[in-house]
Every structure is written in structure tokens, then in C-alpha cells.
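Both complexes below contain subunit A, partnered by subunit B and then by subunit C.
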Partner chain A sequence: MDSCFGICGKDWVILASDMAVNRSIFTLKHDEDKIMQLNKFKIVAASGEQTDRYQYCNMMMRNLQLMEFRTGFEPDVESTAQFMRTELATALRKAPFQVNLLIGGFDELDGTAKMYWMDYLGTLQQVTKGAHGYAGYFVNSVLDNNYKKDMTLEEGIAALQKCVLELKTRFIINQPTFIAKIVTKDGVQVMQL
Partner chain B sequence: MASQYDKRTTTFNPDGRLLQVEYAIEHINQDASVVGILAKDGVVLAAEKKEVSKLFVPTRESGKLYKMDDHMLCSVSGVVADANFLIDYGRLFSQQHLYSMHSPIYVEQLVQHLCNYKHQYTQFGSSRPFGVSLMYAGFDRVRGFQLYCSDPSGNYAAYKAHATGKNSVGSITTLKEDYQ
Partner chain C sequence: AIGARGCGMLDCLDYSVSRSEREAQAHEALPMELLNPAPLLPNPHERCPGMEQHIRMVHGTTTLAFKYQGGVVVAVDSRASAGAYIASQTVKKVIEINPFLLGTMAGGAADCSFWERYLGMRCRMFELNQKKRISVGAASKILSNITHSYKGYGLSMGTMICGWDETGPQIYYVDSDGDRLHHHLFSVGSGSTFAYGVLDTGYRYDLTKDEALSLAQRSIFAATYRDAYSGGTVRVYHIDEQGWKRISETDSMELYYKFKDEKMQ
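This part shows the complex of A and B:
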């Protein structure tokens, strides 16, 4: 029941997710950070089975770090997303990871930001806005209405705040807190939505 | 110089040298020459055409210059059979990277991988080292045009200009004087 959504501009990308960990009728935790920072310019918001979420994202982060040590550079966003997809797809017919992901990052070399939507089957698509889980039913239309090409970071944050409001108003599951992470040329910033 | 320390690739001699590796390099220095030069806007590899019998049918690949991937070339000096194996290995690795990450492998990453593989034959087992010196010319987004050379010991270095094969020492001296 994790809510994950995000929006991507020309040189910034924001991913947001809720912070609740629920088990049957209980909320165990209100401050779980479901957006993992992979390296200096990349973040991934994961929704789905909790252990798979942590295990998969951690494995990706460490593999990317190893690549960075070996080659001296962070791979670019597309390579990272494709690599993550390949790992997910390889595991699919052995021991699948039940995680849906939004990958966001900034490419230093050409100064653009990119966002990718990936589901647990290994479907990968570059997008400018997207959502996973039940949140999608509520939030996709809000994102569609508020997105425009070359929008500013502030407009992006405002759009996500409208998404949060929509979820708080209409979604049956109570999600009081949302975390957002922003990637720009200065790296990753964290904010509460 | 034949001694009891050169029978196995995995032993140092009392002077601290790996004789098998040095013998391999000796072999390479008798092969046809290859010169590589790095320029601002590209890299050039030039290989001497070996004299072969007139009964010889040229193969699709020249035996000296090979395409490793769309963005990388390499040249071979030494045992051609060993080289073929290494190039195939390099091509496989390059394509695996492309499959997994949808982007061309960094030149140095491929060179390192091949060198790590070559190095194994100087430390383990009872197989001789690869008797090949490869020169790699390539381009990637991050470092631009690059030229590398690796030898049977598994060492590699990046160069502005280099030569392997016959008279490589002389060629390198000339390159040092004339390179700008």
C-alpha cells in the first residue's frame, strides 16, 4: 500500500513516497524512508514487499558503488536504470523481487535529469511523471494536470503537494507523512511534503 | 639465461623476475610493428602488413587490427591464436555490459578486465601467459579519446603514443621526440 510518485523537469527530479509501515491493522512506523539514495546523483523510490524493497535497493546501491570504485565514475542515469532492470528481470524467474520502483537522477555530463518507471516484472520506461500502487489511481490525473514542459522546481514541488493533498482527502488509508527527495546539479536534498 | 626458474610461469627467479613473462615479451618484439597515436580528435592505430605467402587467402579480419566494439579498436602483436581468444573474451564482456547497462563500456574498464584475465595466467596454474601485447584505441563519454597498451604480465598503461612489435623501442624514441 506504499504510495510512490514523482515528477521530472529539465534539470531536476523529485520523488516522493509515504512513510508508513503497515502490518495488518497496525501502523508500525511513521518515519520509514522508502527513497534510497544510490549515489551522489541518483535516488530510487521503492514500493512493495518490505524486505524485497530494502534488499533490492541495497544490493543495487552497493553494486553501483563497486562500479564507481572500479571505473572511477558513476554510471549515467540510463545505464543505472537499465542495469537495475536487468537484475530485476534475471531474478524474476528465480526469486522475484516484488518491488515497483521510480528511479530519478541527474546526468552531470549533459546537465539533464531523468526519471524511470519500473515495475516488478522488469518493465522499464523513461517518464516525466509517474506513480506506483494505489496512489496512482489518485495521483496520475493530478500530475497530468499540473505538469508542463520546462516547469520549475518550485512548480514541481507544488504539484507534488497537490498530490499529497489528494491522497489525504480521498485515499482510505491514512498516510500522515510524506518524504520527498530532490536531485539537482547540487546532489540530493530531502524535504517533507 | 635458461635456468631452473623459468620452467614454470608461477615462479620468480632469484633476480626477482618472471622469466616466462619476459620470454613472452621477447616473442612479441619479433612480431610485425604496430604504432598508436592519440590526437585531440581521435586515435590512430597503424599496423605493418606482414609478408605472407602468395598462396595465402586473406581472412575477414586482418590479423593485426580488430574491432572490439563500436567505440573501440585494438591491435595485436604476438601470438595470433592467443590474441583471437582475448579479443573474443573482450568482445563478450563488452556486449554483456551493453546488455546489462545499455551503454558502451568505458574503455579503461574493458582494458582492466582483459588485463585481470591475462594476469591470472602469471599467478595460477601451469599454463603459459598470453603472448600478446594489445593496444586499445577507444572513445567514451567521460574520458574522450584514449590509447592503452597491455602486455603479457597483465600490466596496462594509457599513452599519448606507443608502439609494439619489432623495433618498438626505436619507434617509441622517435615518438617521444616528435609527439606534440
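This part shows the complex of A and C:
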């Protein structure tokens, strides 16, 4: 029931997700941050069960930190996404993680930003815009209409705000607050949508 | 056990009669079982009738905890029910892990009390190894890692680990799914919706100590009034910088008459 969606431009990427933790018929909290910052230029928005979401993203973050200590540099977005996919796929037939992810990051080497869509079975695909969960039904068309090649960061934020408005209008589940994280060449910024 | 779910273990193997017919038979059988004064032990050949299949209300209890300017207030009821039978009205649902940490109990009594005692041991080991008291976040993480590793094996617990550490008052909700949530206000159990009603309307961060304790007591009482699986005595604890302290233990019937008299005036 978690909503997460995002949009990727040439040198920026924004991921957004709702902040509610729901349990049976009520909401336990309204301010849960479901977008984890993996390292200086990478973020991952996860949707799914809280325990799997936290355990998986935490494990990835710590393993990437370890890789950084061992090799001396942060891996690029593609390598990070492939590493995360491998871990998810390996666990799939033993103790699967019920998480769907959007991985976004900025590559310092060529100055471009990339976004990857990954589902709980280990399907990985590079995308320019994407969504997970029920939100996808509402938000994919809005993103399709508002995306243009080489759009600016402000246009991207406006597009996501339209997505949030659509969810608040039509989605049966009440999700009052949304958090968005933006990755650019300056690192990660947080904003409320 | 608290909030026991007597589930039919063998129904997945029985293909002889259609499922709806069997369920109808089980529902007809229910009234006679209710009249039986002895405790209902789960019969593996019977279905689990009705409610639990539709609403996953596992924890037959009401517990709550919230943070305010003066610390943390924890309040619980004390009823243990096995189906329609009240097994006990005097269960201690707050587990004293160490003088600065409290854990609440909802779900399986054995699971909660065993693992919270184990957590107490791990917290003591931490103190001996690190020469400082464990933080509430670390303690709750130890417990949530345990529950995550036992995920799917049938543990049933919904607990709140509350305490005061160097970062101030903290409450973490940990449950048997492996979830661990940090927030300023939680209520767990079958009566939690009723408790939330009173708690959400009366809660402010800048409550005084007396107001906070009274709010907690009222919230649990509201739940015991409406929820069949909550009742007994309402116990209220307070946690401040010096540690936890048990403030009051009042029977819910006494509270009913007290609030009724207040309304009359």
C-alpha cells in the first residue's frame, strides 16, 4: 500500500514516497521516511512490509559502505543497482524480501543521473520515470504526460506535485504527507511535497 | 495465552466436505462451547470460527505508551482471554527489563515474557562490555533482529520498548513480523482502536505529569469498557531520567464509577 514514484532527468533524479505506516485498520505513524540514503549520491525508495524494507535497505547500505572502505571509492549507480539485484535474487529462493524499490543516483564520472526500477522478484530495469504499488495505477499516466527529455529540476518537482495531487484526489487510502529526495551533483536534498 | 487463536491444524488436508458446509457446522457448534465453564483448549480437529479470519486482531489486550515533555507514560490492562473465557484478570503486562527500560506485552504471553527477559540479559551484557547503559534504540533493535530471524515460525508479540537514554525519552514498537517503529505515541492490542480515540483527542506534547497519567488511565479504561478482550486492572507507569516507576493500579470497575460520578457533577 506504500506509494513510491520518481522521475529522472539528465543530471538530477527525484524519488518520492508517502510517509504513512498502516497496520490493519489504522495508521501507526505519519512521518516514516521510506527513502534511504545509501551514500553520498545514491538513494533508494522502498515499498513493502516495514521489516523487509528496513532490513534489506539497511543491509545494502552497510554492504556498500564496506565496499567503499575496501575499494576506496563509491561504486556507480549501475553497479549499485546490480549489486542490490543480486542480493535480492539470491535471497529470493531462501528468505525472500518483500520489497519493491526505486534506486536513484548521480554518477560523478560522467555527470549524469540514473534511475532503476526493481521489484521483489529481482526484475531490474533502468527507467526515466516509474512507480510502485497502487500508486502506479494513478501516477504512471501523469508521469508519462509530464515527462520531456532534458526537463529541468523545477519541472520535475512540479510533475511529482501533480502526482501527489492525483493520489490525494483518487486513491482510497489516506496518505497526507509525502517526502521527496533529490540527488544532484551537490548530493542529496530532502523536501516535503 | 493472551489472545489465543485456536486454529484448525488439519483443515488443509480434509477435502471430503465442502469448506462452506464445514464452516457452517463450526458456527452452529459455538454456543454449546461457550456454555462450558472449563478453559477452551484448542481442538486441532475444529476450525477457528469467524472473526480472526477477517480482521487480524491477534492481540487480546490493550497497551499504550506515549512521550511527553516530562518523559514516557506506559499504561496497560491486565486481562488474559482464551476465546470467550477470561483466563486471568491479574496479568502483569509490563515487563521490567532493567531499571531504565520497560517492555509491554501483547500477543503471546510466553513469547513476550521470554524474549523480553532474554533482552534484559543482552542489555546487561552490553553494559558489561561497553561500560555504559544501552540505548532504547539498540535494545529494540536486538529484539527486532530476533523476531525477524524467527519470522514465519509463529511467534506472536506486539511490544513497545520504552525508556530514557542519553538522547531522551524513546518509544519503539517491535512486533513478531520483525517491524520496528519509532514514534511518540503507540497503542497496541485488540482494544487499541478505542484507546487511540481518547489518546489522540487528548494528547499534547506539553501535558503536565498529572494530565499525562490521567490521560493514559482514561485511554485504557475506554478500551476496557468497549473491548471484550481487555479489562481487569489498569496499571500506569512513568519513565523519567531516574528510571521507571509504577504510579497506579486501579480496577477498571472503580474507574467506571469514578468517571461516571465526575460526569454527573
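Here, the second predicted complex is superposed on the first by the 193 of 193 C-alpha atoms of A that agree within 3 Å, B and C clash if a C-alpha of one lies under 4 Å from a C-alpha of the other, contacts with A are read in each partner's own complex, and residues count from 1 in each chain.
Criterion: a contact is a pair of C-beta atoms (placed from the backbone, for glycine too) under 8 Å apart; a residue touches a chain by one contact, two chains touch by 3 or more.
What you see is a predicted model, and the numbers here were worked out from it, not measured in a lab.
Asks: Is A:Leu109 contacted by the first partner subunit B, the second partner subunit C, both or neither?
Replies: Only subunit B; A:Leu109 stays clear of subunit C.
Asks: A:Asp11 in the overlay: touching subunit B, subunit C, both, or neither? Say first, second, both or neither.
Replies: Touch partners of A:Asp11: none, neither subunit B nor subunit C.
Asks: State whether A:Asp76 touches subunit B only (first), subunit C only (second), both chains, or neither.
Replies: first
Asks: Under the stated touch criterion, which partner chain does A:Glu68 make contact with: subunit B (first), subunit C (second), both, or neither?
Replies: neither
Asks: I'd like to know which partner A:Glu166 touches here: subunit B for first, subunit C for second, both or neither.
Replies: In the superposition, A:Glu166 contacts neither subunit B nor subunit C.
Asks: Output check: A:Val21 vs subunit B and subunit C. Expected answer is one of first, second, both, neither. What do you get?
Replies: Once the two structures are laid over each other on A, A:Val21 reaches subunit C alone.
Asks: Is A:Glu155 in contact with subunit B, with subunit C, with both, or with neither (first, second, both, neither)?
Replies: neither
Asks: So, does A:Thr51 touch the first partner subunit B, the second partner subunit C, both, or neither?
Replies: It touches subunit C, and subunit B stays clear.
Asks: For A:Thr86, select first, second, both or neither according to whether it touches subunit B, subunit C, the two together, or no partner.
Replies: First partner only, subunit B.
Asks: Report, in rising order, the residues of subunit A that make contact with subunit B in one complex and with subunit C in the other.
Replies: Common to the two interfaces on subunit A: nothing.
Asks: Which part of subunit C faces subunit A closely enough to touch in the complex?
Replies: 55-57, 144, 148, 151, 173, 177-181, 183, 186, 192-193, 196
Asks: Can you name the residues of subunit A that touch subunit B in the complex?
Replies: On the subunit A side, the touching residues are 70-73, 75-76, 78-80, 82-83, 86, 109.
Asks: Which stretch or stretches of subunit A touch subunit C in the complex?
Replies: 21, 24-26, 28-29, 31-32, 49-52, 54-55
Asks: State the interface residues of subunit B toward subunit A in the complex, per the touch definition above.
Replies: Contact set of subunit B toward subunit A: 99-103, 106, 108-109, 112, 141-142.
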